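For reference, the structure is listed below as structure tokens.
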Amino acid sequence: QETLKIGALVTMSGAGASWGNGMKRAAEMAAEDVNETGGLDVGGTKYMVEVIAYDDSYKANEAVTAANRLVFEDKVKYIIGTVGSAPILAIQPITEENGVITMTLGFTAQALTADKPYTFRPNPTTAEVAQPQIDWIVKTQGVKTVGALFPKDETGEAIAKDLAGAYEKAGATLAATEFFERDRVDFIPLLTRIIAQGVDAIELDGNSPVTAGQIVQQARDLGFEGVILRTGGPATQEIVNVAGEAATEGMFVHSAFDPGVESAKAYEDRYVATYNEPMNGFSPFFYDGTKMLFQAMQDAGTVEDTEAVKAALEGISDYGGILGTMNWTGEDRYGIAHQLDSPFYIARVTGGQEEIVARCTSAGCE
Amino acid sequence: MSFLIAQSLINGVILGTLYLLMAIGFTLAFGVMRIVNFAHGEFYMVGAFCALIGVTWLGLPFPVTLALTIAVAILLGALVERVVFRPFRNDELSGMIASLGLAMILQHGALILFGPDPQAFPALVSGVFKWGALIVPKSRALALGVGIVILLIFYIFLMHTRHGRALRAIVQDQEVAAVFGVRLEIMYPLGLGLGVALAAVAGGLMAPLFGVSPFIGATPLLKAFIVVILGGLGSIPGAALAAILLGLIESFTSSFVSASAADIVTFALVIVVLLVRPAGLLGRAEA
Amino acid sequence: MRSDLSVRNLVVNYGPVRALHGVSFDVPEGQIAALVGSNGAGKSTVLKSICGLLKPVEGEIRVGEEVMKPRPGDPLRHGVALSPEGRRLFGRLSVEENLMMGAYTVKDAAARDDMLDRVYGYFPRLKERRRQMAGSLSGGEQQMCAIGRALMAQPRVLLLDEPSLGIAPIIVAELAKIIEEISRDTSMTVLLVEQNAQMALSIAATGVVLETGNVVLTGTGRELLASPEVRAAYLGT
Amino acid sequence: MNALLEISGLTKRFGGLTALSDVSFGASEGAITGLIGPNGAGKTTCFNLITGTLPATSGTIRFRGQDIGGLSPHKVVEHGLARTFQAATTFPAATVRENILRGALLRHPLGLGAMVFGGAAARDAERKARQTVDEVMEALDLTEHAHREAGTLAYGHQKRLGVAIGLATRPGLLLLDEPAAGLNPDEVDRFATMLKEIRTRFGLSVLIVEHHMRLIMRICDHIVVLDHGEKIAEGAPEAVRDDPKVIEAYLGADHAK
Amino acid sequence: MTVVWIAGIVLAALIPWFTGSVFHFHIAIMVCISAMATGGLAVIAWVGQLSLAHAAFAGIGAYTSVLLVTRLDVPVLLGLPAGALVAGAVAFIIGAPLLRLRGVYFVLITFALNELFRLIMLDIPEFSGGSSGIAGIPKISLFGVTLSNYQSVYPFALFCLALVMGLLVLIRRGQLGRRFAAVEENLALAESSGIPTAKTQTIAFTIGSAIAGFSGAFLAHYVGFISPETFGFQLSVSYVIMLVTGGRLALWGPLVGALFLTPLPEFLRGAVEYQHVIYGVVLIAVLRFLPRGLAGLPRQLSRKGGRG
């Protein structure tokens, strides 16, 4: 019996910690699953899976040091991480050169390119999910002009661009966009201006849960009565925590998670029971992603030859994950099909809870 | 347009006062005790968690919670003074760096205890005051009112009582102050305790507005830095002026130019002020 | 309560260097004593030890019957106040706030205000400058403020370290009168360290001469003034 | 005697307070000039203006015929004007020798390269500077303290060290702010002798602020009296001592004898 | 004393070759880079100033070199000194007004400056890559030979560090160091002893910031990725921590600080949750029990031994 080490290079301190913990725990639970059955059976050898978790504090330099340690010291061939865009770009020279398969959350488009064959992204980004949802919202809610606030960072800027295009296509306009420094807590002046432009809706995609919550609350305080929506970034519970039930009532959110789906619900329950914290919305993707990685190893019959594992991973299709059926896409957008496509939903918040109002695929909603 | 100007003015003044409240404990530690307290934001965070525990876990009324928060914070501050800052009383730089260590301990301690996610904090009041088109959210008005009262009490204590005077004296010459009967072993912990208490009260008051999580300390620290630089070392009126100015700049640039411009303008102003008036807007030059 | 000051066998070190080698002397209640000696003799060291700023290696300091603990603050409780060498004002407090710091432990507000008026009476200059930051005062003004601050404590034993330092001649004469007057009116015990031995010894009942950490001569002020050694060494005539 | 330092119409205001108002006087080559006056008269302020520590509100300051108003202090020192401070001021953590050496280097300027990389010029400069230091220490009787840290010296010695640092810059005019404060009369006398010696030995002129009338009367060739920021008298020591205005403002009746 | 120091440091420098671990090479390279940057900060500290804008100057050096190399095809070997030069030039220009402030005021204004740098870089994405930064930065190459692996970068890093430390030794021992010390101890007296304090401080600030620029450029080419966030306030703080832990005024302080604090997180990385708490505790303990920093430890020990 042997040990298979998997690295979790995620953010566990600072503001990205919610995501990082969600990812790390997903990997741990996936490992627990196979360890309980006596280990992962690859080509006749049983491997006990061990997750080695390091914190990158959402910083590129830290991530590089941690990646070096994982790759050269711990000799891992698989890394779950990173959370942030800058860290993934910073560690790719190491992971790609050494053939380390990496599963990142980082939203940057540059994370997936044809010359980075070992990087995969098991969660959909705005680029994937925005269009169908926006089409649906524009159609059903009669939204014409939209205002949006984004953090002035890589993710915020990328999302702003994607969304502007998506609204345009849907026949509405992203009329007012504002970028702000991350630590900002007061949005009243920005909202004052946006609302004064007479927008029908406010879009919150790209903001951290705390920020999104503050924006919702302050917008409602200012008497904004239009639609508030968030077409990406599952974090409804956190937003409700910050803004309160009253302010979030009727808000539309993106959700990857249908509590009606048995396996998904089971995962959430297990998560909460194990860690005694609410589940982060990205966690299920990385659980599925890790599981797919295991399957790829089994398909390839090796844990050492990551080239073969990579090929096997790329070959998986119609994977039955806890969130639904999953496939690799992204050839046309990124030049490499390393982007996972999975079903998702539009939910309305009522009484602090998500209530699914539309089911979507990349083709469209309802 | 004139509506937007009036609303921006109101927003700016309110925001400035909230910033003042966030900053004032730092001003005390810095201007009076000569500690550049990088853990200030974490004490704000601790205050917010105290309020959270009081209101949601223990179900206490908000005023009671606030009073308890102050008590806890004074004790915490006194303890921290004893354990961390005492050896650095005459060494500003080492004290400053020790406070960085303290900040790490507090933030990650909170992370271990409470997890990274923001916590739900029930709104105390909801709705807005309206005058024509002008709007003031009631939640802010409340924080503002309580904040101003606390600031006034604090100002009177520091400037017009003998203990306040003693606090200001010990930093300049603790030996001589002791010779005249000031009890250092009480005054130092008290001074820092008050600074911490002010930070914590700010955290408690603003928890309903801005949420509670282990990471909320960054903003108050940044604002406190700016307010202190602009306002001048230990000058409370200076801090007040600077905070309002900061609020107005943020409000007006955000409303009329763009949000990212607000920060650049703020920092550029900080640098210009320091160059033109090194002691800050109302600060007095070092003797 | 008696307030005579008695120093017994005081030994003080700075690191490895011994500054006082067993200094003993007494100042009777209500009298003025002058401590004279050349630079580095250890006069300031004696005063600092009395008010608890230095911890003696050996020796005992009493006010009346009570032995004082060698830490700052305790001597004040026994009524000892100091106007230190180098003034050491609270530079960023105003003149008046400095004076009020002197009266930090004085509970009786009326007595305190009364004393403030008296100090302003002695040094009208301070009254003119009461709102000015002490750090920006002229040297002599600072000296007056330091003396005033010590007076504000309403001590029974007043320690003055070179009060005439940097003070204009016209005020020095004044100062001697003030010290005499205070001591007489309030039966305050005064220990005066002075380079201006002429002035100090002429108002002192007792004189103590210190040389390299040892007491070499004691006597009444008058005796010392007349003593040829003292005249040669400290009066420059 | 030529006027080495000429001050005319010097005025300094701090906010509403006029610390110095339209003061004019001079200091002659080779002479010791006294600057006296009651506390707060503006003497130290006057020094601060001459040496560039504070900017003057108005007035001109000429040294050897050159206008040195508005120059920064280190430039003023280069012109040959050194000063000591009223409070004992030293480099507390350095030894006495090192303290004086820091002043002595002024007369042996080096390029940035030589300062970092050394070389013959740097060694030469250092050697010459050390010579100056030895001379100064001897003249001011500090040799026995050469290796002590300045911060541990008794007050009186620290003041003398201050004079030594100033002297090491080889000034033409030395400005002394109460150099004898804290000395006993005997030491004052010795200081007076010492000062006269160094004046001849180093070819100095001196402008001195002091409250020790003995010292002033003994050594000064010329005295300027300030009161409330204004010049109230000027002249030979005896004349100044007997001037009723000076007696009233500064000396007091006791000195009139 | 110096001999002991040098022997210890040479031994420490050899560790990666003994263990042969690639990761240890990485850590050793990071130590070199941090030690250089901290060395620059030390030069500024010698005139009594603490700069919280040190990361910004590292950033200026990094961006200068990266832009020269990627846009103008300048060889990296020239890019590194160019980074130092530009950082130094910027420091020289803004130094004069900034350095009128001292003590905590200088700390605060440099803090503001670092933030301003970050914000401005975020606002000019055409040069800085904005918040997504610049990835795929060319590796260091010497006369056409690319230092492609860690084992080959390390000797070069050691060489650069030796240069920087050599410069520090020369400054400290020479006349310039004497002037720095005078300014640090008593500015007013230094000025009136004929030392041009403003100029002296500017020189220190320029040299220190140029060294920071060099280290930043090195970092950029080594790590291969930079963004404005890389050179944020946090990095400045970590340099300050290294300096003070090592010993603020000790010649070997920066090196010792970097040597201690760069690997320290690695010992704690396993204790995921507690590592930052432990780090904080260690920091406070070092400050408290070793007031002269780690570099002062031998002296402190020998003194204790001598007495007891």
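So that you can tell them apart, the chains are marked A, B, C, D and E in the order they are listed, and the count of residues begins at 1 in each.
Criterion: a contact is a pair of C-beta atoms (placed from the backbone, for glycine too) under 8 Å apart; a residue touches a chain by one contact, two chains touch by 3 or more.
Just so we're clear, the structure is a prediction, and the values are computed from it rather than from any experiment.
> Check every other chain and keep only those touching both chain D and chain E; list them.
The shared contacts of chain D and chain E amount to nothing, since no chain touches both.
> Fewest touch steps from chain B to chain C?
The least step count works out to 1.
> Which chain's C-alpha centroid is most distant from that of chain D?
Greatest centre separation from chain D goes to chain A.
> From the mean C-alpha coordinate of chain C to that of chain D, what's the distance rounded to whole Å?
29
> Whole-Å distance, chain A centre to chain E centre, using C-alpha means?
36
> Measure off the straight-line distance from the CA centroid of chain C to the CA centroid of chain E, and report it in whole Å.
Computed value for the inter-centroid distance: 51 Å.
> Please set out, as single numbers or ranges, the residues of chain C touching at least two other chains.
Residues 136.
> Hey, what residues on chain A touch two or more of the other chains?
Only 13, 152, 181 qualify.
> Any chance you could list the residues of chain B touching two or more other chains?
In chain B, the residues touching two or more other chains are 107-108, 111, 260, 263.
> Per the touch rule above, enumerate the chain pairs that touch, sorted by label.
A-B, A-E, B-C, B-E, C-D, D-E
> Inside the complex, what are the residues of chain E that reach chain D?
167, 170-171, 173-176, 178-179, 181-182, 185-186, 188-198, 203
> Quick one: which bits of chain D touch chain E in the complex? Just the residue numbers, please.
That would be residues 51, 53, 72-75, 77-78, 82-83, 85, 89-94, 98, 101-103, 105-106, 110, 112, 114-118, 122, 125-126, 165-166, 168-169 of chain D.
> Within the complex, which stretch of chain C touches chain B?
51-53, 71-73, 75-77, 81-82, 84, 88-93, 97, 100-102, 104-105, 133-136, 149, 153
> Which part of chain A faces chain E closely enough to touch in the complex?
That would be residues 12-13, 53-55, 59-61, 64-66, 68-69, 72-73, 85-86, 89-90, 92-93, 108, 110, 152-154, 156-158, 181 of chain A.
> Spell out the residues on chain C that touch chain D in their complex, using ranges where they run on.
Interface residues on chain C, with respect to chain D: 14, 36-40, 44, 85-86, 125, 129, 136-141, 143-144, 162, 165-174, 195-198, 232-237.
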